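I'd like to ask you about the structure that follows.
Letters are used for the chains, namely A, B, C and D, taken in the order the chains are written, and counting of residues starts over at 1 for each.
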Amino acid sequence: MTLPVLTAHAERARAALPAAVHEFMASGAGDEVTLAESAAAWSSFRLLPRVLRDVGVVDLTTELLGDAFASPVGIAPAGYAGLVRDEAEVAVADGARRSGSLYVVSTRASRPLEEVAAAVGGPWWFQVYMMRDRGLTRGLVERAVAAGARALVLTGDTPVVGIKRRVGAARIDIPDDSFLVNLARHLSPGDALAPRAAAEQDPTATLDAIGWLRELSVLPVLVKGVLRPDDAAACLDAGAAGVVVSNHGGRQLDRSLPAALALAGVVDAAAGRGPVLVDGGVRSGLDALVALALGAQGVLVGRPVVWGLAADGADGVAAALAAVRDDLAHVMALAGASTPADLDRSLVVPPPGSR
Amino acid sequence: MTLPVLTAHAERARAALPAAVHEFMASGAGDEVTLAESAAAWSSFRLLPRVLRDVGVVDLTTELLGDAFASPVGIAPAGYAGLVRDEAEVAVADGARRSGSLYVVSTRASRPLEEVAAAVGGPWWFQVYMMRDRGLTRGLVERAVAAGARALVLTGDTPVVGIKRRVGAARIDIPDDSFLVNLARHLSPGDALAPRAAAEQDPTATLDAIGWLRELSVLPVLVKGVLRPDDAAACLDAGAAGVVVSNHGGRQLDRSLPAALALAGVVDAAAGRGPVLVDGGVRSGLDALVALALGAQGVLVGRPVVWGLAADGADGVAAALAAVRDDLAHVMALAGASTPADLDRSLVVPPPGSR
Amino acid sequence: MTLPVLTAHAERARAALPAAVHEFMASGAGDEVTLAESAAAWSSFRLLPRVLRDVGVVDLTTELLGDAFASPVGIAPAGYAGLVRDEAEVAVADGARRSGSLYVVSTRASRPLEEVAAAVGGPWWFQVYMMRDRGLTRGLVERAVAAGARALVLTGDTPVVGIKRRVGAARIDIPDDSFLVNLARHLSPGDALAPRAAAEQDPTATLDAIGWLRELSVLPVLVKGVLRPDDAAACLDAGAAGVVVSNHGGRQLDRSLPAALALAGVVDAAAGRGPVLVDGGVRSGLDALVALALGAQGVLVGRPVVWGLAADGADGVAAALAAVRDDLAHVMALAGASTPADLDRSLVVPPPGSR
Amino acid sequence: MTLPVLTAHAERARAALPAAVHEFMASGAGDEVTLAESAAAWSSFRLLPRVLRDVGVVDLTTELLGDAFASPVGIAPAGYAGLVRDEAEVAVADGARRSGSLYVVSTRASRPLEEVAAAVGGPWWFQVYMMRDRGLTRGLVERAVAAGARALVLTGDTPVVGIKRRVGAARIDIPDDSFLVNLARHLSPGDALAPRAAAEQDPTATLDAIGWLRELSVLPVLVKGVLRPDDAAACLDAGAAGVVVSNHGGRQLDRSLPAALALAGVVDAAAGRGPVLVDGGVRSGLDALVALALGAQGVLVGRPVVWGLAADGADGVAAALAAVRDDLAHVMALAGASTPADLDRSLVVPPPGSR
C-alpha cells in the first residue's frame, strides 16, 4: 500500500523523533478507526485499465484556481513542523518548490509565513482556522495575503479538537514561540483571553465564515474537511471556491467515512462549480490515481511529507513528493491514461457492499 | 470501541468479583454471537459529520414521556446488583441522580424499591416481568407505582431464560433474601407454586399484558426486547407508550440481530407514536451518537454500570455515565450537532451489505 | 455453533475410531470449502424474534408425507455405519425410534434392511442410488418396499464420487461383507460387472429415474442433492414427491453453495408441491430454526448421528437427536414460536451481500 | 484451491531454481494484491450443480478459431522459459502436444520459434508485443506466420513494464542470447536504438496495431489484457478476432480487477463476435469450470506450466495440464455437465457484494 521510500522515511522518522513528537504526529482520534481506514480505503478500489492507448508521454500538469502545478500531488497542511525539524515549513516549502507541488501552509506553522512563502517561490495556499480572537484571525489572514497566498483553505472539521487517546501520557507541550510565531503580533490587545485560548478554534464558527474570509482576503476560499454532498453544496452556495474532502488525517471524528469513500458523492454535489481536492491516507500513485478517477482535481499528502521532513529535510520532502508523482505517472501509463483528464470513474470498482 | 474509563472499570470488576458472579454478569446466551456483535455493530457504522455549524454549546437535555433528563444516556435494568456490591441498586440510583440519568430499576432488584426510589430522587422507571404468579406481579407493580415509578418497562424477550453455556460449572445461587427482597410479601398465599417458581417469567404472557399493566398502574408501559418493526407496531397498537430495542444484553436468543441493526426499522415502524429507546453494547459517545442518529430518543447502558458499581460503587456508576455523556457531547460537536435533534440518519452510513 | 453434547460426541468419536475410518467419515471433497461453509452458513443468518407470544407449550410434531414424527429433526443417510460400530444402522434405528425421528436409511447400510426396519419400529425412508446394475437397483428397492419403507430418497448429486483429498494415504477398504450386505443377493447374474462395479452409481442416470422408481415402488420419491430452483421444479415435474436440499455433507462438488443459502430458492420453486427437507451442517436448534424459517419442512443431521453412534451407540444417537430437538424447542420459545408453522422468513436476516 | 500436483511442482520448482529466477517468475507488481486475488477470485464463486444429468461421457473437445483442441485448457504465454530449463519452450510445446492443448508462444521465447512449432506438432498461437522497432516486430511476426502460427495474441496491457518490488535486490539479467534468440536477426539495421531498447514494448501503440498485425499476418488477432467491456468492444471494432481477459499474471497494474470478476462483463460486451479466453490464477478444474460457466471459451494457465517445466520438463508440463483437464472433467460431471456447452452462468453465484 505504501511506497517503499515513504515507508523508509516513516521508519527513520520514528527512530529520529522524540517519542512524544512522533506519537503526536502519528496518532489519530479515538480508536484510530478512521486513521487506519483512510489508507486502506484507497486500496479497496479495484481498477479497470484501458489497453492500447498511446501513453508515450504522461503529462501530470495540473491547473488549480488558475495556477499551474507540475502534478496534482500537493502538500496537506500540518501544524507545528518545528517539532520535527528546525527548518520546519521552510524546508517543506523548498521540497514543494523542487517538485512544483501545491503547498497548503498551516495556520499553526512554526516559521514566519514570509520565509515560507519565499522558499516556495511560486503559488501557495494558506490554511485558516476561525479562531476565538477574530481580530487575530483577521490579522493573520491579511498577513498571508500580503505574503502572496493564492487561496485560503478554511478548516471546517475542527470546532473542537479530537481526543487522541494514544498520546495521553506522552502529551507534548508546544513551545510558546513555536505556537505563536505567526500569531503573537496579531493578538487583539483588548481580548480577555490568554494568547493560546485566543488562538483556539472557535466552535461557534459557521458557514458565514466563508464570506467573511473571502471579503477580507479577496482570495478564493476552499473549505477543508467536507465529507457530505450537502455540505459541499452548502459551502459553494456560501461562496466557497472549492472544497477539500478530508477527515483531518483521522485526528478529529473517529469512525468518519474515509475520504476515499466520501469523495465521489462530494464531486457529484460540487457539480463542477469549483475544484474538489482530497487528502487522507494517500501513500502511492495508485491511491492518487483512484482519487483522480473519482473526480478529485488535486490530492494532498500529509504525514508522508512530515516523515520526509524528519528523515531528510527538504530532500526528504522532495523525495516523498517525487515518489508519489512518479508512481502516479507509471500507473497512469499502465491504466492507459496520458493525462489526469483521461481518468474517469469507469477505471475504478468500489469495494464490495459500499454505498 | 470502549471508553477507557469503562475498560478500567471492567478490568477492576473482573479482579474484584467472585468468578461465578463475574461470569453470571458478563456472559451471554449460546455461543455469545449476539453478545459480541452487539457492541461491534455500533462501531460498524461510519459517520458523515457536518462542518461549520455553531457547536459552542452542546445541550444534551432530553425529555422522555414528559420528564426531563440531563442526557439521553440512561441505565438499563440489570438484576441482582446485590451480588456485585451490598449497596446494590441504591448505589446505582445515587449514580443516576448525580448524572441526571434515567434509571430503569429491575424487578430482580436486591434492595427494597422504596430505598432505591429515594436514592434516585427524581423520575425513574420500573422494569416488569409477567410472572407465573399474576398476583405477585400485581402486588409488585402497585408497590412500584406507590414508590413513584413514572413508567413501566415490560420485558418481552424472556418467556424462558436463555442458556448461558459459559456459566455452566460456575453456576451461582442467588440467595433467597436477595432474590425475594421485593417479591416475598406479594406472593399469592393460595398459589401452589414455590416462591421462586411463582416469580418465574410466565411463558404464556402475550401482548395483552400491556393493557393489563397499563390499567393496573395508570402508567405508560414500554415494551423492551423489540427487534421487529411489526412487533413495534403491534405493541403500540396494544397500548404501549413506547419500545426499547434490545436483545437483553445478548443473554436471550443468540444470533438475534444486534440492536444497532434493528433500530432503524423499529423507529420507522413506531412512526413517532411513542419514544424508541435502545440498549445493548453501547460503550462510548460514538455508539450513542449512532443510536440517536438512527432515531432513538434514549440510550441505555447495562454492563458498564454493573462494572462501575463493582469497581467504585455510586462513584463508579456516576463516572461511567459521565464518561459516555461527555464523550457524546464531544463527538456531537465534532459532528456539527448541538442537540440530539440535530442528529439524523444522514449522519450514519450503515455497514457494507447490511439490509 | 455446535451444541456441547455434539462436540463431546465428535471428540470421543475421533479418539475411539481408527484414524482412517474417522477421516473417511469426517472428510469432504476438494479443499473442503463446502464442508466448512455448510455449518457456518446457518450461523450467518441473524434472527428477528417475536415478543410476547404464548409459548407455554412448544409443539414440534411434524407430518411428512402423511406420517407423523415427534419433531422435524431427522437422520440423514450415511453409508457404512458398520465401520463405526458393529450394531451400525440397527443402533441408529433404535435412536430414531426413541426420539420419534425420521430415519433415512442408506443404500450403503451395513446391516440387513429388515433388521434396521424392525429397530425403527415406525415409518422410515430408504435412500437409493441408481446403480450401474439396474437389476440390482430394482431388487434392492423392492426389498426396501417389502421391509416397510414409506418413501424413497433418490440421491441425485453423485453421478461420480467426489475426491476427498484428505483421505488419500489413509484410504480405507470397505470390507466386502459390509459393502454388499444388502446388495449381494440382488446382483444381476448375467451382468458382466464385478459386484462392486455393478453397485456403483450410474453416471448416466437422469430425471427419468424418478418415474422409474415411483412406478417400481409405488412409493413417493424425493430427490436429494437439489440446490437449484430449476432442478427442484424439474424433479417435481418428473414426478418427485419432494426434494432434499443438500450438498452431500460437502463430499461431492466442492464450492457448491451451502444448503442454507440454497434453501429459500428451492422452497420458492417447489411452491408447496411437495415437502422440502434440508441437510448439511445443522449442529444446533438455532440452525434447525433457520432451516424451518426459510421454509424447510424437515431437517436432517448426518455426522452428529455418526459421532453419537461411535461414542455411545443407540444412546449416543438418541442423545444427539434429543439435543438438537430440545435446543430447537428452547430457541423457538425465545423466538416467540410455539410450532414450526409459526416460523417464517421474517424471522431470519440473510448474511450481508448474499443473493 | 490449487491441485496437489501443481502445488508439488511449485514446491519443487522453488527448491530447484536459482532464487532470483524463482522470484522473477513468481512475483507480481506492486503489493501483489492482484497476484493474490487472481487465484482467490475463482474460489470466491459458489456453484449450483445440476442433478440427474447424463454425464456418462464428459467431452472436453474445444474448437477455437477453427482448430480443435482436446480441452479448453491451454498454455498462457510466459517469457524467458530458458531461465527455467534448457529445453525451455520446446519442452512446453511437447507437453502441449501430449495433452492436445493450445499453446500461446511468447515473443520472449528462449528457443527458436521453428523448433517450438515443430514440437507442438499442431495448431499454436503466437503472442506479440508492439516493439519500439516496428521493423523488428514485422520481421518476427512474418517468421511466426511462416512457422505456422494460427493466430496472433497482441498483449495490450504492457505499454510499460510493471514494477515488481519483490525482485529488487535479486534482479536477474536475462542473457543476451536468451533475450534475442528470436529477435536478433530481425533488428532494423538503421535503427538508432540498442537491440534491447529496440525490442522494448512501444508505449505509443494503439488499437491501430490490431489492423496492422492482421494485414501483415493475414491471421486472426486477439488482444490480451482486456478487463473492460468497452475495450473488448473497441478491440473487436478495430478488427480483433477475440480477446483474452487477463491481468498479466498480476505483473502489470496492481489492484486491477481479477480476471474472474472482469470476465462476465467482457463476455457480454463481446456478444459472440469472437472467442473470449481468460488467464490468471486458474489452479484447478473448479477454477476452469467457473471461467467456462461465465462464458470463456478457453482458459490459459501460466505459472503452473512454468513450475511443471522446472520440476519435470515436458513431463511436468503435460502432468500439470492433465491435472487441470482431468479435474475439470470430474467436476463437470459433478455439476451435471457433459460438455463445456452445458456450462452457463446459472451454475455460478458471484461473491457477496461483487458488482
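Here, a residue touches a chain if its C-beta (ideal position, glycine included) is under 8 Å from a C-beta of that chain, and two chains touch if they have at least 3 such contacts.
Computed from a predicted structure; not experimentally measured.
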Chain pair repeating B-C, as identified from A-C, C-D or B-D when over half of the contact pairs by residue number coincide: C-D
Interface with more contacting C-beta pairs, comparing B-D to A-D: A-D
Greatest separation from chain C - chain, by CA centre: A
Centre-of-Cα separation between chain D and chain B, whole angstrom: 61
Mean-CA-position distance for chain D and chain A (Å): 43
Shared-contact residues (touching 2 or more other chains) in chain A: 351-353
Arrangement of touching chains [line / ring / star / complete / other]: complete
Complex contacts: residues of chain B adjacent to chain C: 30-31, 33, 154, 156-157, 159-160, 162-163, 165, 202-207, 209-210, 223, 225-228, 230-231, 235, 252-258, 261-262, 351-355
Chain B residues touching chain A - in the complex, by the definition given at the top: 1, 4, 43, 45-56, 284, 286, 330-331, 333-336, 346, 349-353
Residues of chain B that touch chain D when the two form their complex: 352-353
